[in-house]
C-alpha cells in the first residue's frame, strides 16, 4: 500500500462523511490519535471503501447493519447520514433496518429506528442540506 | 399478517435456500420446532425478505456481514450459497467480506473467508450445480 | 398469523409497558417506522409474548438477562419497569442480575445494577405508582 | 465467602449437571485449570446458583437465553440437560427459545433449536434416563 | 475463599480506582446492590486482580481491550484512569487501542480513542492529579 | 504505508505463527482470498503488531482475551501457540484466562480453558517442539 491508497481513502472519506467533518477531525488530531486517524483513512477508507466490486450505496447499507448489530450508535448515525449522501432512499434504509431487526434481534432494530429518526429530524430541519435524501 | 405472508415467505425461502433443503427442513419438523419453523417462514422470509425496496441480492449481502459479525458459521454458509443463488458474484462477495473484516475485526474476516472457501469448494465440485455463480 | 395475533400482541404490550407509553409510541409512528412498529407488536408481542408455557413474569426475567448481555440499556430500563409490573420482586431482580454478571461478565452486571437503581429511583419517587413493586 | 459457599456450590453443581459429570471434571483438573474449576464452583455455583430468590428452574431458563445470545454452544447443551433435570418442560424450553430468537435474532434461535434437538435425541435414546423430562 | 480474599480485593480496588471513588461506591450501596458490590470486591478484585503472575499494568491493558470489545464505555473510562494509575504510558495505551481496532473492528477503535481523549482531557486539567501519567 | 510495512508484517507474522504455517497459508491463497491475505499481513501484522510500545508478549496476551471475548476459537488456538512462542508462561496464560472469565463471563472462561488444554496437549506431545514453553 502507499500514499496513493491513503489519498484515495481521504477522498472517499470526505465524499461520504462530508469534507468539513473530515477536515475538522483531522485538524483536531493530536499525538495520541493521529496515527490511528491515518490508519483509518488508509486502511478503512482506502483499502476497504476504495474497492470497486460494490457501489458506495452497497457499502453504506452493509455498514448500517454491521454498526447496528455491533451496537455502535455514534458511528451508526454518522454512517446513516453517509448512506443518504450515497444515494440510499429512506425506503431502502427502512428495509435494511427491518432486516437488521430480524437477524440481530428486535432490540437492535428498535435502537436503529430510534437513531434513524434522530438523523432524519436533523437532516430535515437543516435549511440547506448537502444530503441527497 | 396472514396466510398470504406465510406463502410468500415459503416461496422466497425455497428460491433462496433451495426447494429440496427447505422441504427437508419442514418435513423433519416435530412438535418441538414446528411452530418456530413456521415463525421463521412467515416473519423472517415473508415479512422481512418479502419486502421490496431492496433486491434479494442486496439482502444476501446484508446477511453475510450480519452473520459474520454475529459469528453464526452454519447460517453464514447457508446464506453464502443463497448469495450465489441470488446472483452475487464472487468479486462482490470478496469485497463484502473485506468490509466485514474492517468493521467487525480481522478474526471475523478470517473466519468468513475460510467458510466461503469451503462453500465455493462444495459448489465447484458438484457436477450439476443449481447455483448461478 | 393474523389480526388476532396483532390484537393479542397490542393488548400484552400495553399491559407490560403501560397503555400510555404504547399509545404515545403508536401515535408518534410515521411513514418510516410504522411498519416496524406493527411488526414488533405482532411478532414480538403477539407471537412471542403471547405464548403461554411461560408466565409474563418468566419472560420479563428472560428479557432482563438478554438485554443486559446484549448491552441494550434503553430497552433494559423499559423492561425493568415491565418486570415490576409483571410482579417480579426486587429480590428476584437482584438474583437475576447477579446471574447475568456471572454468565455475561462483571461489566454487564455493573451496568445492569446501575440502570436498575435509576429505574427504582424513578419508580419510588412517582407519587401514584402504577407499578406493583 | 468460605468453604461453606464452596461446598454449597459443589452440591448444586452436581445436582444440576450430574454427579458423574462433575466428578469427572474435577478429577481431570490439572495444575493449569484447577484454580479456575474451584473458582467456578465457588463463585458461579455457590455465590450465584446458591442464591434463593429464584428457583433452579428459573435460573436454568435464564442460562439458556444467555448462553444462546452469547453463542456458547457447548455450555448451552450442558445447561439444556440441566434445565430438564431442574424440571423445565419441553414446552417451557420451546417458548424460552422463541423468546431468544425474537430478542437475540433469528440465527440465535435457529442454532438453539438445532442444539436442543440434539440434546433431546441423546436424552430420549438413553435407556435409563436420570433426567426428569 | 474468605475474608482474606475480600480484604485483598478491597485494597487492590482502592489502589487501582482510587480510595475516594471506591469508598463512595461502598457508602452508597443499599439493600439492592450491596451483595453485588461485595461479590465484585471479593471475586473480581480479590480472586482475579489479586493473582500474581501478571502485573497490575498487564491486567489494566487486558481490561482496556476487553471493555472496548464488549462495548462498555463507562467501565472503559474508569479502567483507563486505572491504567494510568497502574503506570501504563500513553504510548502503551495508544498501541493497545490500535490492537483493539484491528481485532474487534474499526468502530470499536474509534469509540475507544474518543473515550480515551475524554479521560486524558479530564486528567490533564485536574490541578493536583493523583494519576501517574 | 508501503512495501516496507508489508515486509515487516510478514516477518513478524512468521515469527509469531511459525514460518511453515504462514508460507502454507500464502501458497494456498487463490484469487478469492489473496488480497485479504495481503491486507492481513500489511495492516494487522505490519501496522499493528509492528508497533513498538508494547512487546510481542504483551500483544499475545491482549489477543487471547479479545479472541476469547469475541468467541473466535480457531484464532484463539492459533494465538495461544503464538503466545507460547512469544515467551508467555503457562502461569501468565492462566491468569489471563481468569481475567477473561471475570470480565467476559464464565462461559468465555470455560471455553478458553478447554481450548488451552487442547493446545497444551498438542504442544506437549510433539517430539521436537518449535515452541518456547
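Per-chain numbering from 1; labels A, B, C, D, E and F assigned in written order.
Methods note: a residue touches a chain if its C-beta (ideal position, glycine included) is under 8 Å from a C-beta of that chain, and two chains touch if they have at least 3 such contacts.
Heads up on the chains, UniProt names are A, B, C, D, E, F = 4-carboxymuconolactone decarboxylase.
Predicted model only: the values in this text are computed from it and were never measured.
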B-D or C-F - the one linked by more C-beta pairs in contact: B-D
Relative orientation of copies chain B and chain C, as a Cα rotation angle in degrees, nearest 5: 180
Chain A and chain C: spacing of chain centres that average the CA atoms, whole Å: 31
Length of the line joining the C-alpha centres of chain E and chain F, rounded to whole Å: 25
Per-residue multi-chain contacts in chain A, two or more chains: 39, 43-44, 47, 67, 70-71, 94, 98, 102-108
Chain A contact footprint on chain F (complex, rising order): 1-2, 5-6, 39, 42-43, 47
Interfacial residue positions of chain C with respect to chain A in the complex: 30, 32-33, 35-36, 39-40, 43-44, 67, 70-72, 74-75
Complex contact set, residues of chain C against chain D: 43-44, 47-48, 51-54, 58-59, 61-63, 65-67, 69-70, 89, 91-92, 94-96, 98-100, 102-104
Chain F-touching residues of chain C, taken from the complex the two chains share: 102-108
Of chain D, residues touching chain B in the complex: 71, 90, 94, 97-98, 101, 105-111, 113-114, 116-117, 120
